[in-house]
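The chains carry the letters A, B, C, D and E, assigned in the order they are written, with residues numbered from 1 in each.
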Amino acid sequence: MISTLVLDRSTKTFTHVSNPDLISDHCGRPSDILWVDVTDPTSEDFDELAREFGFHPLSIEDCRHEHQRPKVEEYPGYYFIVIYEAEMQAGCQLELRELGIFLGVNYLVTVHSQPIRNIEKAQQTWRYWTDLAERKTGLPAYLLMDAIVDDYMPMLDDFSDRLEELEAQVFENFQPEALHDIFRIKKQLIFLRRAVVPLRDVFNTLLRREQPVFSRETMIYFQDVYDHLIRVADSIDSLRDIVGSTMEAYLSVSGNRTNFVMKRLTSIATILMTVTLVAGIYGMNFNFMPELRWRYGYIGALISMAVIALALYLYFRKIKWL
Amino acid sequence: MISTLVLDRSTKTFTHVSNPDLISDHCGRPSDILWVDVTDPTSEDFDELAREFGFHPLSIEDCRHEHQRPKVEEYPGYYFIVIYEAEMQAGCQLELRELGIFLGVNYLVTVHSQPIRNIEKAQQTWRYWTDLAERKTGLPAYLLMDAIVDDYMPMLDDFSDRLEELEAQVFENFQPEALHDIFRIKKQLIFLRRAVVPLRDVFNTLLRREQPVFSRETMIYFQDVYDHLIRVADSIDSLRDIVGSTMEAYLSVSGNRTNFVMKRLTSIATILMTVTLVAGIYGMNFNFMPELRWRYGYIGALISMAVIALALYLYFRKIKWL
Amino acid sequence: MISTLVLDRSTKTFTHVSNPDLISDHCGRPSDILWVDVTDPTSEDFDELAREFGFHPLSIEDCRHEHQRPKVEEYPGYYFIVIYEAEMQAGCQLELRELGIFLGVNYLVTVHSQPIRNIEKAQQTWRYWTDLAERKTGLPAYLLMDAIVDDYMPMLDDFSDRLEELEAQVFENFQPEALHDIFRIKKQLIFLRRAVVPLRDVFNTLLRREQPVFSRETMIYFQDVYDHLIRVADSIDSLRDIVGSTMEAYLSVSGNRTNFVMKRLTSIATILMTVTLVAGIYGMNFNFMPELRWRYGYIGALISMAVIALALYLYFRKIKWL
Amino acid sequence: MISTLVLDRSTKTFTHVSNPDLISDHCGRPSDILWVDVTDPTSEDFDELAREFGFHPLSIEDCRHEHQRPKVEEYPGYYFIVIYEAEMQAGCQLELRELGIFLGVNYLVTVHSQPIRNIEKAQQTWRYWTDLAERKTGLPAYLLMDAIVDDYMPMLDDFSDRLEELEAQVFENFQPEALHDIFRIKKQLIFLRRAVVPLRDVFNTLLRREQPVFSRETMIYFQDVYDHLIRVADSIDSLRDIVGSTMEAYLSVSGNRTNFVMKRLTSIATILMTVTLVAGIYGMNFNFMPELRWRYGYIGALISMAVIALALYLYFRKIKWL
Amino acid sequence: MISTLVLDRSTKTFTHVSNPDLISDHCGRPSDILWVDVTDPTSEDFDELAREFGFHPLSIEDCRHEHQRPKVEEYPGYYFIVIYEAEMQAGCQLELRELGIFLGVNYLVTVHSQPIRNIEKAQQTWRYWTDLAERKTGLPAYLLMDAIVDDYMPMLDDFSDRLEELEAQVFENFQPEALHDIFRIKKQLIFLRRAVVPLRDVFNTLLRREQPVFSRETMIYFQDVYDHLIRVADSIDSLRDIVGSTMEAYLSVSGNRTNFVMKRLTSIATILMTVTLVAGIYGMNFNFMPELRWRYGYIGALISMAVIALALYLYFRKIKWL
C-alpha cells in the first residue's frame, strides 16, 4: 500500500496523494517535497519505486529481503537507511520492526512490511512545524529517526527496573527462577545492541564526511540523532555490565545457599546421630549394665538425650549453622 | 581439472572451453572475459597458470599450500583472494572449503581442491545477467563471493535455532549433555569467525583505497559483499555472546540442581533419622520402661513414628526442600 | 530562579544582578562577562534564555529534558556542555546531579534542577582570582568543571577504602553479606563511569580541534580538566578490575567454605557412625556372645567406643578436616 | 663465534669467510652482500660489530642484554629486528630462542646466544635461489624470518591436537588432571602470543611507511611474512578462546560430577536408612508386638526389607540418580 | 631540600651547587646544563622554582598535590613529566614513589617528596658519559627515566616467580590460602599497570609529534625508553592473563576437592551404614531367628560384616572414591 504526503514548499501546504500514479508529477516539481510511505510492499510496488526514483537494484534487493543490519548507505543521488523500531511487548519481550528509508534531495521513501508507529507521529510533527518546513527532506528524516531512537530509551528504563527486581530476587529472597529472566534480558540486550550500535557507527562516519545531500543546518539535527544513539548504546552497555554482574552474583548466592543447606545437614545429622548413639548404647545386651536397672534410668536416658540435643542445637545456632 | 568459461563482450555470447591450450588465445583478445576454474589442481596446473597469467610465485605458493587465512592481496595486475565456502553438515558440524581467486582485468581464475557449490551457481547467474554483462570481471567475482557469503547466513540461523533448543535444555528440563553441544557450537563459531572477520577487515581497507582494477560501478557491488560480511560477523558475535551466556547459565543451573539434591538429602535424612531414633529409644533395654508394657505401646510407637515422619515431610514440602 | 554574576573587565569589579531583565544590558557590553545561574528552571526561564542568547532549540530541549549523557556540543557561537556533579551519600550511595553549561564568548549560563555545590565554590574562586580575571569565560568554566571533576577523586578513594574492608570480609572472616556490597559498588562504578568516560572522550576530540571560542591560553586549563578526567577514568577502571576480582575471589572462598563444611560433615558422620556401629554390634541378640557376659564388657565397650572416637577425631584433626 | 657468508653479486658466487678480519674488506665492495652470523657473542664480538658496521650503542645494548620484546627498529642506515624462534619440546613445552638481526643495504648480521635452526636452512635456500640472488639483503632476511614464522604453525597444530584430547578428557571420560594441562597450554599460548603479536604490529606499521632500505619488490616478500604473522596471531587467538572455553567447560563438568556424587549419596543413604529403620522397628522391646511371634516374621521382615530396598533402587534408577 | 648539579658544556666539567640562590646565575649561561633536584619540597621551594624557571601555575599545582597519573605534558618552553619509581618490598608488596620532572632546553628539575634511588644512579652515569655530554638535557632525562623503567622488569620477574609457586600450590598440593596471594598479586599488577600504561601512551604520541625540545638524536634514546615501557606493559598484561587463569584454575581445583570429599563421604557412609544394617538385623527381637541360636552365629555375623565392609572398601578404592 503506497500513501504519499506532499509538501509544496512555495505555499507551505501539505497534500495527501493516494494515487501512486501522481507521484511522478510531484517528483518532477522542484518546489515539492514527497514522503512516500510503502506498507507491506508487493513486488510491483518495488518495481514502481525503482522506476520512479531510479533506485539501484541492490538497495531494492536489500529492502525486499528483510533482516538487513541497520545501516546508512550512500548511492548516487540518495541515501539508503535501514533502521529498527523497537517496542516492548508484555513480559519484557522485545519486538524489532525493520524500516527502510530512501532519502533523496526532494523525496523520502519509507518501506516496511509491519506497521511503524512513528511514521504517523513524525508526519504529524512535520505538518506542525510549518515554519521550519522550508528545510529539505533532512527535517522529516530527522523527525522520523529521532522518534524511533527516542523510543529505545524508555525501553531501557523498563529493562533497568526489571533488573532491580531481579537483583532483589537474587539478594533478598533468592528465587532460582530469576536466572532465566536474567538470561532473557541479557539476550534481548544483545539483540537491541545489534539494532543500535551499527547505526551509531555509521552515523559517526556520516557526520565526519563531506555531505552532498544534507545541508549544514540539517546536520545539527542529525548530530542530535547520533547523540541519542550514543546515549542508547552507552545505556545498553551499562545494562549489559549490570546483567553480567547480576548473573555472577546469582552464581555466588546460589553457592552460598548450597553452603547453607550443607551446614543444616551437618547440624541435623550431628544432633540426631549423637542422640541415636545414646539410644544405641542402652540398646546393647551386656549382662552387667547397672543403669538399666536404675529406677530412673529410662527417664534419665531420655533427659540426657534431650540435654545433648539441646546443647548441640544451641551450639550450631551460635555458629549460625542452623 | 581446468574448465574455462569465456564471455565475448562484443557478441555477448558465452563459450565453454575445455582444452586448456586455448586459454592463451582468449586471454589475448581484449573483448573476451575468462573464468578459469581449476578443480583439485596438480603441480602442472599451477605451472600452467603461472606461465599463462604471470602470477607471482608467492600467490601460487599460497594457493598450493592450503589453509591460508581469508584475505585479499594486491599483486601487480591482479588481486589474489582467499575465501571459504561454508556448509553445515549433519549435527551442527561446520565444513569450510577453501577457494583461491585470482582476479585480473579480463580474467577470473578460481582454484580449489574440493568442489565448490557456488561456482556453478555464480556462473549460471552470470550467464543469466547478459544485459549487465558488459561489466568487467568485477561482476562474476561479485556473484561468486556474494553467493558464498550469503551461504553463511542460514547457517547462523541454524546455530541460533540449535541454541534455542539448548536454552530449553538448560532452563526447562536440565540435561547435563547440553554442555557438550554448547561447547561444540562455541568452537564452531570460533572457526567460522576466523573465516569471516579477516575478510571483512580486508574488504574494509580495500573499499577505502583507490582501486586500479575495480571500476566505481563495480565497487557498489563489492560494498554489498562487504555489507553482508559485516552482518555475518555481527551475527557471529551476537551468537558468541549468547553461547557464552548459555554456558554461564548452565553452570548456575547445574549449581542449583546440586542445591536441590542437597536439600532432598537433608530432608530425607532428617525424616529417616528422626524416626529411627524413636525406634532406637524403644530398643533400649532399661528394666523400667512403662511404655513397653502398654497394650498399645507398639502400635502407638508406630503411629507416633508415622506422625513425626508426616509432619517433617509436610514441613520440608512447605519450604520446598522436597 | 535566575541569578547573575557580572564581571566588568575594565574595572575588574563583580556585580550581582538579580533582576533577569538587566541581563540583556550587560550582555551587550563587550567589557562585561556574565555568569547566569539558573536553578530549577521553569518553561519561561528556558524561553527567556533562548531569546536572550539565541540558543539553538535542540540545546534548549536537551537542557529541558534531563538525563542527557555528559557531552560537549559545538553550536554556532557557543558550546553546550552537560556534566554531572557527584556526591557520595551515606552507605556508599552515589548521587549524580546534572548540570547544563552554555559557554559563549562573554557569557556562561549554568542550568540545573538540583542545587550544585560547586557553582558557589567556583564563583568564589573566580572573584578571588581577580588578577587573572582578564581572561574570557574560559576561566570560570574551567574553575567550575575542575571543581566538579576534582570531587570525583575522594569519592573513588571512599570506594577504594570500602573495597579494602570488603576484601577483609572475604578473605579474613568470611561474611556472605559482603557480596551484596561488592555488587552495589560494582553497579555504582558503572554509573560513575558513564558520567565520566563520555566527557573524557569529548574533551579529547575538543582539545585536538581548532577552537574558535577558547584561546590557546585557556586551552592549557582545559587540558588540565581533561587530564583529571583521564585520571578519574583510569581509577574507575582499576577499581572495576579490583571489584571484579573481589567478586571472583568471593565465589572461590565461598566454594572453599562449602568444602570445609563437607569435610566437617564427613568427619562427624564417620566418627558417630563408627561408634554407633559398635553399639549396634553389642545390641545383636545372638545367644552366644561371650563379651556380653564379661564383668567389664559394658565398660569395655564404652571405653573402646571412646578410643575409636578419639582416634578418628585425632586423625581428622591431623588432616585438617575438623 | 663469527661466521660469514658472502655473495658476490657480479659473479653470483657464495664464499664462506671464517676470518672476521676479512669482513671489512667485503663490506666495502658494493657488489658483495654479507651475512654475518654471530653465535654466542662475546663482549669483543659486540665491539667488533659496532666498529665494523657502525651500529648505534642502543641496538648493541639491546642485543647484549637479551629478553627483548620482538620488534623492528629503524636506525640510520639499518634496521634492527628482534625475533623469536620457537620449538616445541616434549610434553607440549615451548622453547623460545631470541635472535637479533641487523639489516643494512648490503649486509645482514644475525646475533644469537643459542643455536638457531632456521639460519642454516635459510642460508641453504638462499644459495639455492641463485637466479633471484640479484636482490638485495631483503631476500635472505625474508627467507630467514619466513622460515622462523612458518615454524610456529605446526606448533599451533600440536596445541590444537592436544586440546582435542583434553576436550575428550573433559567431556567423555572426565579426568581431573586435565585441568593442569589445559592451564599449561593456556600459559604457553600467552608466551607465544607475546612473541608474535608485537612483531605483527611492527610489521604492520613498517609496511605502511615509506621504506628507504627495502625495495618495492622485496616488500611483497615482507608482506608475505606479515601475512603469516597475522595468520599465526589469529590462530593463537582462536586457540586461546578454545582453551578458555575448555576451562569453563571443565568447571561445569566438575560441578556436574559433584551433583552426580550427591545424587548417589542421597540414593544410597535413603535406601540403607529405610531398611535400617525396619530393622530398628523390630528391634524395639515392646511386650506386645505380634509380628515377633509369627512363624515367618523374621523371614517376612527380611523380605520386606529387600522389597523396600529394591523398590527404592529401581526408583532412583529411573530418575537416573543411581 | 634543593641540590643542583651543573655541567659546563664548554669545559665538560660538573659542579655541585648547594646554594639555591646561585641557580639563576647558571640558568642564564647558555653553556650550562642544570639538574636541580628538589627533595621533599616546601611551599617556598615551589615558589622559588616557579619564579626561577617561570613554570606554569598548573604544573606547579600538579607537583604540589601528589598522586597525579603518570604523564608528559607540554608547556611553553618545557615538558612536565610525572613518572613513578617502583620498588618491591618484602612479601611481594609494591611501593610506588612519585617523581615530577620539568625538562627545559638547558635544565632538568626533579621534584619528589620521597627519596628516589635512581636520581643518584642517573647522575653518576651522566658524569661518566662525559664524551656524550655535549648533548642537551635529553641525555640526563633519558638516563633517569630509563633507570626507573628498567627497575620494573626484575619486579615483574619476581611476580612471575611468585606465580609459579602459587601455581604449584594450586595444582600440586592445594592450599586454600593461595587464593589471597593470587588476589594480592592481581591487585598489585593493576596498580603497576596504572603507573606504566598511561606513560607508554603519552610517549607514543610524543614520539609521533614534531618535537621542539628534543633533538632527533635524543629521540632515539626516548624511543628506547618507550620500547622498554611497551615491554613492561606487555609483561604486565601477560602476567595479568596468567593470574586470571590461575584464579580460575583455583576455583576448579577447589571444586574438584569438594567432589573428592563428597566421594569420601559417600563411600564411608555406604560402608558403615551397610554394616550397621547387618547389626540392626540381628538386633531384631523375632522369636524365630535360627541364626541367633547357632554356635558360630555371632562370629559369623562379625565376619560377614567385615567381608561386606572390605568388599565395599575395595570397590570404592577401585573407582577411586577412597
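The rule is short, and it goes like this: contacts are C-beta pairs under 8 Å (C-beta built on N, C-alpha and C of every residue); 3 or more make two chains touch, one makes a residue touch a chain.
Note that the structure is predicted; figures quoted are calculated from it, not measured.
By the document's definition of touch, common neighbours of chain B and chain C comprise A. The rotation that brings the Cα trace of chain C onto that of chain D spans 145°, given to the nearest 5.
Centroids built from CA atoms put chain E at 25 Å from chain C. Rounded to a whole number, the gap between the C-alpha centres of chain A and chain E is 40 angstrom.
Among the residues of chain D, those touching two or more other chains are numbered 251, 255, 258, 262, 265, 269, 273, 276, 280, 283-285, 289. In the cyclic arrangement of chains, the order starting from chain C and heading towards chain E is C, E, D, B, A. Every residue of chain C that touches chain A in the complex is listed here, in rising order: 56, 58, 68-69, 71, 73, 75, 176, 179-180, 183, 186-187, 190-191, 193-194, 198, 247, 250-251, 254-255, 257-258, 261-262, 264-265, 268-269, 272-273, 275-276, 279-280, 282-285, 289, 291-298, 301-302, 305. The touching residues of chain D, when paired with chain B in their complex, are 167, 171, 220-221, 223-224, 227, 230-231, 234-235, 238, 241-242, 245-246, 248-249, 251-253, 255-256, 258-259, 262-263, 265-266, 269-270, 273-274, 276-277, 280-281, 283-289.
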